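Presented sequentially are two complexes of chain A, the first with chain B as partner and the second with chain C.
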Partner chain A sequence: MLLSVQDLKVYFRGRDTVARAVDGISFDIRHGETVCLVGESGCGKTVSALTILDLIPRPPGEVMAGKVLFKGTDLLKLDDVGMQKIRGNHIAMVFQEPLTSLNPVFTIGNQIAEAILVHEEVGSEELRKRCIQLLKDIGIPSPEQRLKDYPHQMSGGQRQRVMIAMALACNPELIIADEPTTALDVTVQAQILNLMQSIQQTSAMSVLYITHDLGVVANIADRVYVMYAGIIAEQGDTAQIFNNPRHPYTQGLLASLPSRSRRGERLHSIPGKVPDPAYKPPGCPFHPRCPLAIESCKIQFPDMVEHGEGHLSRCPVTGD
Partner chain B sequence: MVSFIGRSMVQKTVTLFFVSIVSFLIIHLAPGEPSQVDPLNPKFTPEMVERFRKEFHLDKPLYVQYIYFYRDLFTGKIVSWKDNQSVLIKIWERFLNSLPLFIVGTILTWTLSFPVGIRSAIFRGGLYDRSATFLSYLLISIPGFFFAYILIILVVTTLHVPVIGMETFGLGASSWGNMLMDRIWHLLIPSVLGATGGIAVLSRYVRSQMLEVEGQDYVRTARAKGLPPDQVHYKHALRNALLPFVTMFGLILPGLIGGSVIIESIFSWPGMGRMAYEAILARDYPIILTVNFISAVLVLAGTFISDILYLVVDPRIRL
Partner chain C sequence: MTHNQYTLESPSAPRRTRLRELWQLFRENKLAILGLIIFVLFFMTAVSGVILTSGQRPVFDPAMVRLQEKLLPPLTRPHLESLHPTEVPTLGIYLFGTDDLGRDVFARMLQGAWVSLTVGFVAVGISVLVGIFMGGIAGYFGQEYICLDHILIAFILSAGGTLLSIGSIGSGSACLGVGLLCIVYRLFSKILGEKLQSPGLLHKKAISIDTIIMRAVDIMLCFPSFFLILTVVALVPASMYNIMIVIGLTSWMGTTRFVRAEFLSLREQDFVTAAKALGVGNFRIIFRHMMPNAVAPVLVSATIGIATAILTEAGLSFLGFGVPPPHATWGNILSDGKRFIFDAPWLTFIPGIGILIVVLCFNLFGEGLRDAMNPKLRERG
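Up next, the complex of A and B:
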C-alpha cells in the first residue's frame, strides 16, 4: 500500500458554523495504480487532496481526526520540515487552474529548476539538461527556447504541461492531480489525459486523480471512489462501478451521462442540490435527493455494504 | 520601447501645458492680489498700488500675464514680487535645505515599512501583527504637530539636545565633531517625525498587498513543490506583492519639491514647504507658480519612471 487515508475528517470553522467538508473518508492507493476520486463540486474531494500534503489554509481549516499513511508514516504527524521533504519529492501535485498556478514573474525554466533544486543537489549544466528533458517528455516543442519563457507566453494546455513537468521533476511515487483538465479545451483535455496516462505507464507511479467527469474516470481509472457531501458513497473497480453501480447516487450520476441509446431524450438529473457542508441532513446525507430513501435513512447513518471483491456502497436499501 | 518613450514625452508635454494654464487660472481666481495683501498699511497709497499693478503687469489681460510669466520662467529671469530676487535661486537654496529632510525621511519610510508589513502579513493575526496594526493606527490618528511637540519635549528635556532650526545658533566656533553631531540631531527629529505617518500608512499597504498575494494559487504551488517557507514568502509572494509599489516609488519624486509645511514650521526649518506657504500668504505669484510648475514636471517624470520600472519588473508588460 502506497497511501492509505483512514477516517479523515477536515472541518472549516466559520464565525458560528462548522463546515464538515470532509467527514470521515478512507481510501487506499496501491503502487502503480490510478485511483479516481469523483464527485460534484463542493463534495470535499479537493480538500481531501490538499490535506494529504497539508496545503489547506489553517485556520480556518482543521484536521479533526484520521490518518494519512504514506508508506507507513502518518503525514499528519510530520513537522514542517518533514512535510517539505515529502512535497514535490515523494508526492507531487498538479492543480486545477494552470493559468494562475504558475508564478507570473518567473520563467518556467526557473520554476522547474527550483522544483528540482529544493530536493536534490544538481550542477547547473545537469540541471539545465534535466529541465529540457522534462519539457521534452511532456511534449513541449523546442524546449531550449521555452525555458526562458514566462507563463503568460504559453497557452493554457502548455502551462498545464509545465505544471505536470514540475510535478514529475523529482520522480515522485504519487501524483495528485486535482481536476487538471477542467479549465482546458476538450481537445487539449484529451491530450493532457493521454500524457498523464503515458507518463504513468512508463514511470509506474501512482496517480490520485480528482475529477467530476465520469468520462475521464472510465478512461483512466483502475479504481474509483465516489464522494458525496464529505463521505465516500461507493467504491470499487472501474468496471464494478460503471457496470453495476449500487449506491443510488452513483446510479443517478451514471444515468445523467448522455448516451447513444437515449438519443433525443432529455438528460436525467438528480433532483435537489448538494447540501451545505455546514448544515448536512441527519442520517444518510443523500436521503433528501434519494429516490429509494426509506424511513430509517433519515435517522441512521448508513454503514458500508459489500457487494463483491472490493466493491462497497454506503446504502442499506440496495444492499439487501 | 523607443516609440513608447516618444509617445509618452508628447503626451506629458501636452499635459504639462494644460497644467500650466489651469494652475495659472486658479491662482488668479483666488481672492486678493499682491497689491491688496495689506490695504490698511498707510504706506500703501492708491498711487502705489497702481504703480505696483503696472510694474507686475497686473493691469494687463490674463493671457498676456500668462505669456509674460512663462517667458520669464523659461528664460530664468523670473523674480519674486516680494524682494525682487531670482525665484529659481531662492527655490534652489530652499531645496538644498529640504533635501536632507526628504532623503532621510524617505529612506526611513521605505526601509521600515516593508519589513514591518511583510512580517505582519506572514504572521497574520499573531501578536506581532496585532501590535503593528495598533501602532500604525495610533500613528495615523495622532496629529503630526501634536506628536512633534511631544517628541521635542522629550528630546530637549531628557537629552538636553536643542533641535529647533537646522543648527544650534552660535555653535560656529565649536569643534568639527560637535558641529556634525549637532547637525545630525537637528536633522533626525524632524525626519523621524515626517516618516512616522508614512511608515504607518505604507506598512499597512504592504501588509494588505502581501496578504492578497499569499492567497494566490502560485503560492500554493510553491508550497506544494516543497519549498521552505522563506522561499515561498520572499521569492514567490514578495516579488509579486512588490509590483504595485513601483507606482508609488515613482511618485516619491514630487515630494522633492513639496517639503512639509507643518514640520518645517514647527522646527523653524528654512525649507521649501515653508517658502511656498509664505509665498501663498503674500500672493507672491511667481514663487507659487514656479513651485507648482516644477512639481507638475516632477509628477510627470515620476509616472514616466514608474512606467519604465514596470517594464523591468513585470515580464507581462511590453510597451
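Up next, the complex of A and C:
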C-alpha cells in the first residue's frame, strides 16, 4: 500500500458556520495504480487532494480527524520541514489551471530546474541536460529553445506538459493530478491523458486522478472512488462501477453521460445540486436528490454495503 | 482550390520580452527620456568626480584654500601672479567661482555629487531592503499569530539584558538563563515531535504578525520623518554612512505597505501553491518566487525615493547636521553660501540648481517608468 487515507475529516470554519468539506473519507492507492476520485464540483475532491500534501490554508481549514499514511508514516503528523521533503520528492501535484500555476516572471527552464534543485544538488551542466530530457519526455518539440520561453509564450497544452515535467522532475512515487485536463480542449486532453498513461507505464508510479469527467475515468482508471458531499458514495474497480453501479448517485452520473442518451431525447440530469457543505441534510446527504430514497434515508447515515470484491456502496436501498 | 496559394506561417508567440516592451513604452515619454539622460550624466559626473577629487594630489582639489581669491564670480580667471603654481585650478578658470575661503566651487560640486549619489542610492537601497523584508513577512505570514508565551519569553530576555547592562549581574543573568531555557525547551519539544502543551492562558493567540508590522509602520509614519532624522542624527556621530543609514531606516514604510499589498494578492495565486507542492520552503517562496512579481512597483517608487533622499541629505547638511564640514556636499555648499547671498549669489544658486535638476530628473524618470508599467496604458498602446 503506497498511500492510505483513513477516515479523513477536513472542516472549514466560517464566522458562525462550519463547512464540512471532507467528512470522513477513506481510500487506498497501491503501487503503480491509477485511482480516480470522481464527483460533482464542490464535493470535496480537491480539498482531499490538497490535504494529502498539507496545502489547505489553515486557518480557516482544519483537519479534524483521520490519518494520511504514506508508506506507513502519517503525513498529518509531520512538521513543515518533513513535509517539504515529501512534497515534490515523493508526492508531486499537477494543478487544474496551467496558466496560473506557472510563475509568469521565470522561464520554464528556470522553473523546471527549480523543481529539481529543491530536492537535489545538481551541477549546472547536468541540470540543463535533465531539463532538456524532461521536456523531451513530455513531448515538447525543440526543447533547447523552449527552455528560454516564458509561460505566456506557450499554449495551454504545452503549459500543462511543463507542469507535468515539473511534477516528474524528482521521480515521485505518487502524482496527484487535480483535474489536469479541465482547462484544455478535447484533443489536447486526449494527448495529455496518453502522456500520463505512458509515463505511468514507463516509470511505474501511482496516480491519484481527480476529475468530474467520467469519460476520462473510463479511459485511465484502475479503481474509482465516487465522492458526494464529502463522503465516498461508492468505490470499486472501473469495470464494476461502470457496468454495475449500485449507488443511485453513480447511476445518475452515468445516466447523465451524453453518449447514453438517444437522439431526440432530453439529456438526463440529476435534479437539484450538491448541498452546501455547511448545511448538509441529515441522514444520507444524497436523499433530497435520490429517486430511490425511503424514510430511513432521512434519519440514518448509511453504512457501506459490499457488492463484490472491493465493490462497496453507501446505499441500503440498492444493497438488498 | 486556392488554399495552395497561401503558405501558412507557423503560429508563434511574440518574441518581445517584457523588458523590450517596457522600453518601447518608456521611449514615447520625452520627459522621462530627458530624466534618464540627465541621470546618466549625473552618474558619470559623480563617478568621475570621486576619482578627480580624491587622492594625494587630486586633479581638482576641493579643499585648496586661496584666501586672496575669495568670492570670485563664475568664469573668472585666477590672478596668476598671486598664486603658487600648485594652487592654480586645473582648468585655468574658476568655472563656478570661489567661496569665502577661495575654494574652487566647481571642485566642491564634483565632490558633493558623489555624496548625493551614494546617499540617494544607499539610503534607498536600505529602505527598499527593509521594506521588502517587512512587507514580505507581513503579507505572507500575516495571519500567523504570536502567542502570549512568545511575548513573555521576549520580555524576560530583554529584561535580563537591561538588568545586565545596568550592572546587576546576578538577577540579569538569571533572567537571561530562564529565557534561554524556555527557548531550548521549545526547540527540543519541536524536534521530538510532541505537540507542546503550554498552560492554557500562555498559549492564547495574542497578536498577529500582520498587526505588529503594520502598526509599527503606522507609528513610524506618525512622526514627521525629517524631525525623526534630526533627533537620531543628534544622537549618533555625524558621518556620511550614518546619514545614509538613518535616512534609509526612516523611509521604509511606503515600500512595506506596497509589498504587503502585492503579497496579499500574490499569496492566493496558483503558482504559489504549485511551488509549495514542489516542496519549496517558505522563505524561498517569498524571496525567489513571489518577490520578482511584486518588485516592479517598488522599483518605481524607489527612483522617486532617491530624489527624496538626496533632498533630505541636502536639507540636513544645510542645517549643519549632515556630512561633517571638510567634505563638501551640495547641502553644505548651499548653507555656507547663504551668508553671502547678496555678495556672492552663485554660492547658493549653483548647488541649488544642481539639486533641483537632479531631483527633477529622478522624479521624471520614476514617473515615466511608472507610466510605462501601468497596464492600463499598455492596453492603449
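Operating definition for what follows: the second predicted complex is superposed on the first by the 318 of 320 C-alpha atoms of A that agree within 3 Å, B and C clash if a C-alpha of one lies under 4 Å from a C-alpha of the other, contacts with A are read in each partner's own complex, and residues count from 1 in each chain.
Here is the rule we use: contacts are C-beta pairs under 8 Å (C-beta built on N, C-alpha and C of every residue); 3 or more make two chains touch, one makes a residue touch a chain.
This structure is a prediction, so every number in the text was calculated from the model and none was measured.
A.B. asks: For the overlay on chain A, clash or fit between chain B and chain C?
C.D. replies: Aligned on chain A, chain C clashes with chain B.
A.B. asks: Report for A:Lys77: first if it touches chain B alone, second if chain C alone, otherwise both or neither.
C.D. replies: In the superposition, A:Lys77 contacts chain C only.
A.B. asks: Using the superposition on chain A described above, determine whether A:Leu53 touches chain B (first), chain C (second), both, or neither.
C.D. replies: both
A.B. asks: Under the stated touch criterion, which partner chain does A:Ser101 make contact with: chain B (first), chain C (second), both, or neither?
C.D. replies: both
A.B. asks: Going by the contact rule set out at the top, does A:Ile86 touch chain B (first), chain C (second), both, or neither?
C.D. replies: Both partners, chain B and chain C.
A.B. asks: For A:His152 in the superposed arrangement: first (chain B), second (chain C), both or neither?
C.D. replies: In the superposition, A:His152 contacts both chain B and chain C.
A.B. asks: Of the listed stretches 96-104, 186-194 or 294-302, mark the one in chain C with C-alpha atoms clashing against chain B.
C.D. replies: Clashing stretch: 294-302.
A.B. asks: Could you pull out which residues of chain A sit against chain B in one structure and against chain C in the other?
C.D. replies: Touching chain B in the first complex and chain C in the second, residues 53, 55, 80, 84-89, 92-93, 95, 97, 100-106, 114-115, 118-119, 150, 152, 163, 166 of chain A appear in both lists.
A.B. asks: Using the touch definition from the top, list the residues of chain C that touch chain A in their complex.
C.D. replies: 13-15, 17, 143, 190, 193, 269-271, 273-282, 284, 288-289, 292-293
A.B. asks: Which positions of chain A touch chain B when the two form their complex?
C.D. replies: 53, 55, 80-81, 84-89, 92-93, 95, 97, 100-107, 114-115, 118-119, 150, 152, 163, 166
A.B. asks: Which part of chain A faces chain C closely enough to touch in the complex?
C.D. replies: 50, 53, 55, 59, 77, 79-80, 84-89, 92-93, 95, 97, 100-106, 114-115, 118-119, 149-150, 152-154, 163, 166, 169
A.B. asks: Could you pull out which chain B residues touch chain A in their complex?
C.D. replies: Where chain B meets chain A, its residues are 216-218, 220-229, 231, 236, 239-240, 243, 313-316.
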